[in-house]
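In the two complexes that follow, chain A is the common piece, with chain B as its partner first and chain C second.
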Partner chain A sequence: MTRTNGPLALAFHAVFIAFILAPLVVVILVAFTPESYLSIPTTKWSLRWFEAIWASDFIPAFWISVYVACGAATIALVVSVPAAIATARFDFPGRQALGAYFLSPLMVPHVVLGVALLRFMAEVGLTANMAALIMGHVIIVLPFTLRLALAALTGMNRHCEWAAWSLGASQWAVFRRVTLPMIIPGLAGGWLLAFIQSFDELTMTVFVASPGTTTLPVRMFQYITDNIDPMVASISTALIVLALVLMAVMERVYGLERLLAGKGEA
Partner chain B sequence: MAGKRVLLPYGLSLPAAAVLTVFMTAPLVMVLLLSFNSFTMATGIQPGFKLANYIEVLGDSYFHTIFGRTFLLALWVTGISILIGAPEAYVIHRMRPPWRSIFLLVILGPLLVSVIVRTLGWAVLLGRGGMVNTVLVKLGVLERPMEFMYSFTGMTVALVHVLVPFMVLSVWTSLRRLDPAVEAAGLSLGASQWTVLRRIVLPQAVPGILAGSLIVFTLAASAFATPAIVGGRRLKVAAMAAYDEFLNSQNWPLGAAIVVVLLVAMVAIVMIYNRLVERRFKQVFQ
Partner chain C sequence: MAFLELHGLVQRYGPVVAVDGVDLAVDRGEFLSLLGPSGCGKSTTLMAIAGFVEPTAGRIVLGGRDMAQVKPNRRNIGIVFQSFALFPHMTVAENVGFGLEMRSIAKAERTQRIAETLALVRLTELAGRYPKQLSGGQQQRVALARALVIRPDLLLLDEPMSSLDAKLREEMRVEIRDIQRKVQITTIMVTHDQAEALLMADRVAVMDQGRIARIGKPYEVYENPGSAFVSDFLGRTNLLPATVVGRSAGRLRVKIGAVEIDAVGEAPDGAAMVSLRPERLSFAAQGLPGTIESALFMGGQWFYRVATGIGQLSVIRPNEGGAHVAEGGAVHVAWPVDAARVVQG
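Now for the complex of A and B:
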């Protein structure tokens, strides 16, 4: 086998990995500095900024984010399971078009979705409405829950369904007792991915956020445009740790590269 | 019974289709209509069907600069992502099993961290007293610290960092279909390493590069958070211009026109690109 990288390739690789990790590492380092300004490099370390988080308004923003993300991921999952069954198990006129429509939110930039949601909320009189914000997030995460539901449905062993049918189970019974238990792991992965997407979403939410619906990324954005200090770095560090935990779970259960194809916001 | 079965898939699709229609399609139509309305400070939004906003967006040099900058930024980010992302994908492709998945995880992992956190890191690194300056001055590349924050260079670097994982993933996926025996055959038949890379590996990577470029370009062209933080007010891109019209100037119709122009330009670029790629591909595979 000739599949080994030469020294030049490995040097390039090292630089590339350093480039990928540098901003995250630097955020973590800054979070542990004691001064109220950016003092890297330093030899003094402190946890004071982590303590300061608890008294800040980042905590309510965090809970709003959790609430929105739970709501959006759950609603998206509930509507995508029947939609996935329709496109995976039935052949009907318009199937392809519907499938494309379900994935179409991937094609629309988040700025455009944000503007659209803002206009919609103003037109129907739902300005600063939490439910409307959640529905906006549902649009963003729907393609992901749908894709994972589809993958679970097409990947499962259909003989189990056929066996249940031939033994006289009704269509509903087959779904509830055979199909659903078999696709649950895939659905859980979809929910988790949707949760992360929604939790991290900034661009759309920033257009419609009001004091009652300011999510954590929006609060951080507002804070950073004013000034950058170790406080916001310590929150970022907490988010990095959270992402590491979720990453470990998702990698173990599903394989990250399969989940992340095409996800994105900048 | 038969009638029920025919309708069942439509019934199952209905909830998702309804959610999309009410919360995405209808709002998008509202934005399109809004872009033809007019606005004055005194009267607010006036209904109507006028092209004034489009004439302003397409005719004013202020907006030319913004759209030109957005396009140039997306182009640079895509180009650099190809230059560093494609080789990295190949390096990863040639790694042995445990290392391959470890480094893939390191590269893809940041996608799970909010873009705001990743951009914050660059804001810290690129500042006047930041590490990039310290290192460049120590190495003698720069005489004194330079302001990378609020610069086009800084914006490009940060955005490459945010988006390059998509390029690596895309190229790596297409390289996975490459049979290592073909490479080995090329080498054993006397081809140089360089020839193998150019004649066997590169053609296999091209579909991945093309697909990755499209993802990176569209995300870069519509990027908001990273340019807003690293570029600041002075270096506005299209997404920020829309944000300012909606939330600062309150001129919603003009903001809507900016967004529509951005969307139409992106769709047009994607379609032309696909057309060109299809034509090119026929030649590659004949």
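Now for the complex of A and C:
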């Protein structure tokens, strides 16, 4: 059953969408201007700032971001699965508290986390350390992988596990052959959300990043404090295009809605 | 010694007593149905037999072996869940073969046994499909095949028919019963559907509030329910509050309102209930006078409600063509003496 929107509702939707898209449109337009300052509106178009990306140190920063995001998302996922199984499948004292504890990074401001980590790492001598940065990101993305793992576990038919168990499977075989394949879509969605969250993270990272561990958002932030040219706009545009391509591929292969809703197989 | 024995099984969840002392003995090859309303403890009993829940008290003995320390994967029990619980990421053949794989049975024998079992449930052509490509009835047959292929000592069916539509349910009842007879496997089926239990099982155990209220052959339990609860739960009945006022020659004399009738059964003098099955009542030239309040056509039967001196009675008469008694008509309701059965309130 679909109902047609009235004119007021339509206008509201149009304004709302424009509000979301307008900044992106401006960024994309600026990226194609030739001047070394921000000029909108403009009459001339150029790919100059895209060419400039290749020679810049944004490329290594991009790979550091990818590396950190992959590492953080993967570690968080590996930690989340047993934690989710424990909290979803077993009843023990402190179960609720543990669940809340795992999700608590959502409630801590990243600024606070950044300051704390900076101090902590200086104290234990882990500054400028890639592993330390990844661990910091694990803290931030853990709630995302855990939430989706939990949703997948509670959403799956418990009787499938029992059926496998009574068919002779050991607990480990039940997990490997039945539970894991059934929650994989949810886990993949969690990993993806975690990757995006980590890739995007600036507030905390800016405190702990050092020359060897400068992620792309941190590098962009540093650049924009010193320069006013369309470089950052062209990088942003490249990232938007990259995200669109990734989303299109995933939609084709898997279905984004299924991935991000964290649903198991029906 | 029976093949499966439950001794004083108790299952408590905190303050809730789900199963409250169940004793049960099932012979090899027997088909027993646990029947009762939701929350009567029948499913919990089944899950305890399968080993998924640990009994608070009592013993489960299968084939002479105490099951207390035996994990579900070592009990050699086949189970079919209400939701079928098929593995969505495996084909029909892989689902059926899962139990064999877990038993490390060689590939060649596995393939052969999968084929045999799929033939038994008439699914040979669908071996390569995934569960979501199957209809409800087909999914259920896969679940049954998956449980049977491991040649279990015991088959457990947990409300196996309740997610199928009415027509399919009737077909599957007969089919599952035939398969059960064919492979002669000891079977326990949990259901809340009394028609299903009566039709399929060799014996039915009616459960109420965590206990077995009545157990016996379907016909016996139906005819001689013992308590008002069982007589009401099994089929339709007219339950009338009565007083036992006397007895003679194996019969009881009971008073219902101002009317005294003969009844069968055993009860001390005093308050009791009388159960009158509607299909045993008929309209005759003589009997209890009454007025038809409503006449409902149900296809194969007419369903009447008759106002009488002992209260409103439901009467079911077969549709034999021709005229039926119209609403508002005056009738006399009659029944054979053994149709009036005294039960415990």
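The rule is simple: the second predicted complex is superposed on the first by the 235 of 266 C-alpha atoms of A that agree within 3 Å, B and C clash if a C-alpha of one lies under 4 Å from a C-alpha of the other, contacts with A are read in each partner's own complex, and residues count from 1 in each chain.
Everything below uses one rule, namely that a residue touches a chain if its C-beta (ideal position, glycine included) is under 8 Å from a C-beta of that chain, and two chains touch if they have at least 3 such contacts.
These figures come from a predicted structure and were not determined experimentally.
Trainee: On the A-aligned overlay, A:Arg176 touches which partner chain: chain B = first, chain C = second, or both, or neither?
Mentor: A:Arg176 sits against neither chain B nor chain C.
Trainee: Which partner, once the models are overlaid, touches more of chain A's residues, chain C or chain B?
Mentor: After superposition, B is the partner touching more of chain A.
Trainee: Quick one: is A:Ala163 in contact with chain B, with chain C, with both, or with neither? Answer first, second, both or neither.
Mentor: second
Trainee: Check whether A:Asn5 is in contact with chain B, with chain C, with both or with neither, and answer first, second, both or neither.
Mentor: Once the two structures are laid over each other on A, A:Asn5 reaches chain B alone.
Trainee: Just chain B (first), just chain C (second), both, or neither: which does A:Leu117 touch?
Mentor: So A:Leu117 only meets chain B here.
Trainee: What part of chain A is shared between its chain B contacts and its chain C contacts?
Mentor: Touching chain B in the first complex and chain C in the second, residues 265-266 of chain A appear in both lists.
Trainee: What residues on chain A touch chain C, complex-wise?
Mentor: Residues in contact with chain C: 157, 159-160, 162-170, 173, 177-178, 181-182, 265-266.
Trainee: Note which residues of chain B are touching chain A in the complex, please.
Mentor: 6, 8-13, 15-17, 19-20, 22-24, 26-28, 30-31, 34, 84, 87-88, 90-92, 94-96, 101, 103-125, 127, 129-131, 134, 158-159, 161-166, 169, 172-173, 180, 183-184, 187, 215, 218-226, 228-229, 238-239, 242-243, 246-247, 252, 255-256, 259, 262-263, 266
Trainee: Considering only the defined contacts, which chain A positions touch chain B in the complex?
Mentor: 1-5, 9-10, 12-13, 16-17, 19-27, 30, 38, 40-41, 75, 78-80, 82-83, 85-87, 89-90, 92, 94-95, 98, 101-102, 104-105, 108-113, 115-120, 123, 135-136, 138-139, 142, 146, 196, 199-200, 202-203, 206-207, 217, 220-221, 224-225, 228, 232-233, 236, 239-240, 243-244, 246-247, 250-251, 256-257, 260-266
Trainee: Which of the residues in chain C come into contact with chain A in the complex?
Mentor: Result: residues 50-52, 71-79, 81-83, 85-89, 98-99, 102-103, 132, 143, 146-147, 150 of chain C touch chain A.
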